[in-house]
Amino acid sequence: MNKPNMEVTLGDVKLKNPIVTASGTFGFGREYGEFYDLSELGAICVKGLTLSPRQGNPPPRIAETPAGALNSVGLQNPGADAFILRELPWLRGHAVKVIANISGNTAEEYGVLAEKLSDAGVDMIEVNISCPNVKAGGLAFGTSPDSAALVTRTVRRHSRVPVMVKLSPNVTDITEIARAAAGEGADALSLINTLLGMRIDIRSRRPILKNNMGGLSGPAVFPVALRMVWQVKNAANLPILGMGGVASGEDAAEMMLAGASAVAVGTVCFSDPCAPLRIRRELEEYLHNEGVDSVSKLTGAVKPW
Amino acid sequence: MNKPNMEVTLGDVKLKNPIVTASGTFGFGREYGEFYDLSELGAICVKGLTLSPRQGNPPPRIAETPAGALNSVGLQNPGADAFILRELPWLRGHAVKVIANISGNTAEEYGVLAEKLSDAGVDMIEVNISCPNVKAGGLAFGTSPDSAALVTRTVRRHSRVPVMVKLSPNVTDITEIARAAAGEGADALSLINTLLGMRIDIRSRRPILKNNMGGLSGPAVFPVALRMVWQVKNAANLPILGMGGVASGEDAAEMMLAGASAVAVGTVCFSDPCAPLRIRRELEEYLHNEGVDSVSKLTGAVKPW
Amino acid sequence: MSVQRLCRITELSELGGGAFQLWFEAGEMAGLAQPGQFVHIQCGKERLLRRPISICGRRGDELRIIFDLRGKGTEWLSQRTAGECLDVLGPLGRGFRLAGRRILFVGGGMGTPPLLWAAQSVPEIAEAVLAFRCADRAILIGEFEAACEQTHITCDDGSLGAKGFAHEAAERLLAAGKAYDGICACGPRAMLKAVAETAARYEVPCQVSLEERMGCGVGACLVCACKTIGADGAEEYSHVCKDGPVFDAERVVWDE
Amino acid sequence: MSVQRLCRITELSELGGGAFQLWFEAGEMAGLAQPGQFVHIQCGKERLLRRPISICGRRGDELRIIFDLRGKGTEWLSQRTAGECLDVLGPLGRGFRLAGRRILFVGGGMGTPPLLWAAQSVPEIAEAVLAFRCADRAILIGEFEAACEQTHITCDDGSLGAKGFAHEAAERLLAAGKAYDGICACGPRAMLKAVAETAARYEVPCQVSLEERMGCGVGACLVCACKTIGADGAEEYSHVCKDGPVFDAERVVWDE
């Protein structure tokens, strides 16, 4: 058999393969770009951007958990303008799609960000309505269908490129939020963002994170992410960027079978800097062994009981 | 220093130590009772009981996940009457508190169960409004404050013994449900039940669980459980039985610092049958090293930033 | 009774046919074990659940297991070295009842090992049918021949012994008028079902060893359910780890 | 430039004072490494995050680390044996700038090892102050004495060398009129702050090596924040793994 076709489409954006880097775990690509050629990736989703620069939360910002990690970075970033000026041109020098992840304090801010960044030439906007580490904006937008709809509508109106809405797992019914975003014209959905968690240092009796709580990611959350991808695929027939603990090609295959069109890799890069390429290779091997000629055939192909 | 005092009180029930077995992971005590003396435990929380016997869900009922497990047992149990007749007398032969975990299809069923079981002499009722593996009852009651309040009120009216309401983590805001239960006179709260999750066999393309989805437990969920215990302690000042992934004495100490008065141990018994006793011993060692003379002093002693 | 114990590995080797065999010092566990029972093994700290593997031999205080590479847990197990310790829980479950003047052991693939120890424990009355996918996958034939009065081999593709399935080989023996007091079978579920039907047709009592995914391994968590017919004739879920893994075939509900 | 590599352990031993030293074959990593940089080590499959440890020596293509038992990761590391392979990412971060006619290295406890290699790389101009909690915790004194022009020891409880803290010993030297072109300090944060203040008072440029909990170790995840004063004079969060671990003390905001 020939090499399987690895091309996928995510909300009208063509990716040469389904492996995407998860926002916030990959900076703007420069660091991991020293380990391998970024054009080997399907897409790069950059660190969450806001209108003004943000300092982020005080350290410690990370705590280890069983098969996972909590973080409370709090959207530290240089602001969208600095990104457009200093990072985007460099990224554009690589043959890889660029997804801008945006967070606003108000629906209007989301709109402004979408307009700026799509004008500046990113390939896709990922709307973060699910960051657990910031007070204004973030998670608050992602836990009610009404505000999710409002933000989606605003971004959709201001963006010239496809819009993907990133959902929070910290909700009773994620399909409700997914349907709200779909109803306002989202081109794709991405999930999951982190689960709210906590750790305490039992000697100092202090939370390990200075922010007390943080967002859980890594393999620990994989089964929750997979379940939500499957539920959302059944509820809103939009392309999905699936993420949450993907650590191997087999995990990526599982995500796609559950309904994802592409798969983002985040926390696991911390232990294996070349994880995205390894996962792509393992996924190719799986397709080869199973005799599947095109990776996109996996999407939603699970056969529930 | 003398041995630390391990006694705790959980909703007016005195436990000789804070280590409890989590419902559904410990049967009715007979099996693990062959490995050690059950009177070494603080309390035994028995397998979830229903009015009529239940067969449970078809197998496979378990799937492994990173640092966790999904289960879809579906409340297989012989029914409350059979429990009272065949299991309770045997359990009462041990110097250990017995907590009956109950699930109903309607609020009335919860009431009948509470009456039967408290009349039969259990020490406490744990009201399961959070089982993700059954269609009627279970989770549905635990995701809305109104139905949580209704069930709590009904059980409270019918029970002669303290009532503990077991909360689901599959909600947007667990404090809302906690306050609803507290408002209707719950004597204690227990959390967390399992997080809804899924796994897929990538060769057969079938969900591993015959029920498609199941409940995630084990160390993977520990940071989520800890966060919720802390949130609930701050929102509703009731005694808490904390659980979810506790695997060591240090984890138990963390749970108590976050706000738990006692700690339940579940999934980790599958890998270490003597885990509850090991955890109790490790907790004692921690108290000794820290110079804490009474375990109950840990409860809620975290100092948030 | 069962115990949890750190058990030193005394021998680990490839058996051919893709299978590995492992001997370990089992202490008091060895004396307690019966053919058909299993052990529940922790396969590395990074895997939460133990793996159930049938016990298939004993020498002194050592026990033997034989296993296939199925996934990450058995792969980890195959990479141990003699001298290392395993965290083992066992012996667990109900084994074979072995009595009568002649017992036919019918094993398929990785189902053959537990039957070997069963046959070795009643050598005078043991006869075996061993079924493999192909000659390359055959294991333990010499040891069965040494233990049994007679050993019949069959392969799906005819590459060794007769061509065909286990239940067909068993049926040939029954059809030829051989009398057995019991059949003990272990192997893939489809094979067990076919053997059980054959045994029922010839009215020979049949015991089968079932597999199911497990949690606790001791009967406390109820995850290892298999549908059976209860004392009252109604269908119910029994549990492979405690009520089994060996069940009377007539009680098993095959088509769940 | 940094690489990820499986590195064979060539030596692992207890150093006394509760510390362990480990040498590993680092291949091309060895040539790239500079004093003050660190490696990021995977400590067992059951731990998701790597552990940052300073590089504190080189011989040929081997690198050396010295570490304390802090928690599960360092415990795991201390239980390896020579011949095993470690998954190492490195060298990472910015090390010390070492130039001038005389540099004072001020190390506290487990902060001393990285300074040793720094001193060894400029032996003619190196002078050291080593501070320990007590004599039992003292490490590397002989090696410092061999590498430096002068080595001053101080202990919190006076059980070895002078009694007192690192910055007090440094201050005595400065007050006695000794001239240094720079101070390089590594140790607990409180010590670093005191040394930095002392250095500032005597107007000696000071570099400090900071610690923070890490994720990626390469600058991509932004978790290892430490507050510094930026080029524009405003406070900002820099990142220990990429902008550090060595910072100019005057840029560090000590009271976050």
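The chains carry the letters A, B, C and D, assigned in the order they are written, with residues numbered from 1 in each.
Keep this in mind: a residue touches a chain if its C-beta (ideal position, glycine included) is under 8 Å from a C-beta of that chain, and two chains touch if they have at least 3 such contacts.
Everything quoted here is computed from the prediction, not taken from an experiment.
Visitor: Starting from the defined contact criterion, work out which chains touch chain B and chain D both, please.
Guide: Common neighbours, chain B/chain D: A, C.
Visitor: Farthest chain from chain A, comparing Cα centres?
Guide: It is C.
Visitor: Between chain A and chain D, tell me the centre distance in angstrom, where each centre is the average of that chain's C-alpha atoms.
Guide: Computed from C-alpha means, the inter-chain centre distance equals 36 Å.
Visitor: How many angstrom between the C-alpha centroids of chain D and chain C?
Guide: 57
Visitor: How many angstrom between the C-alpha centroids of chain C and chain A?
Guide: 46
Visitor: At least two other chains touched by the same residue of chain C: list those residues.
Guide: 46
Visitor: Two or more other chains touching the same residue: where does that happen in chain A?
Guide: Within chain A, the residues that touch at least two other chains are 63, 65, 67-68, 218-219.
Visitor: What pattern do the touching chains form: line, ring, star, complete or other?
Guide: ring
Visitor: Touching pairs of chains, all of them, please.
Guide: A-B, A-D, B-C, C-D
Visitor: Using the touch definition from the top, list the residues of chain B that touch chain C in their complex.
Guide: Per the touch definition, chain B meets chain C at residues 24-27, 30-32, 34-35, 47, 55-65, 67-69, 71, 73, 76, 208, 218-219, 267-274.
Visitor: In the complex of these two chains, what residues of chain A are touching chain B?
Guide: Residues of chain A touching chain B: 63, 65-68, 70, 143, 170-172, 195-200, 202-207, 210-213, 216, 218-224, 226-227, 230, 245, 247, 250, 253-254, 257-258, 286, 290, 301-305.
Visitor: Spell out the residues on chain C that touch chain B in their complex, using ranges where they run on.
Guide: 1-2, 4, 42, 46-50, 89, 212-227, 235-237, 242, 256
Visitor: Show which residues of chain D lie in contact with chain C when the two form their complex.
Guide: 44-46
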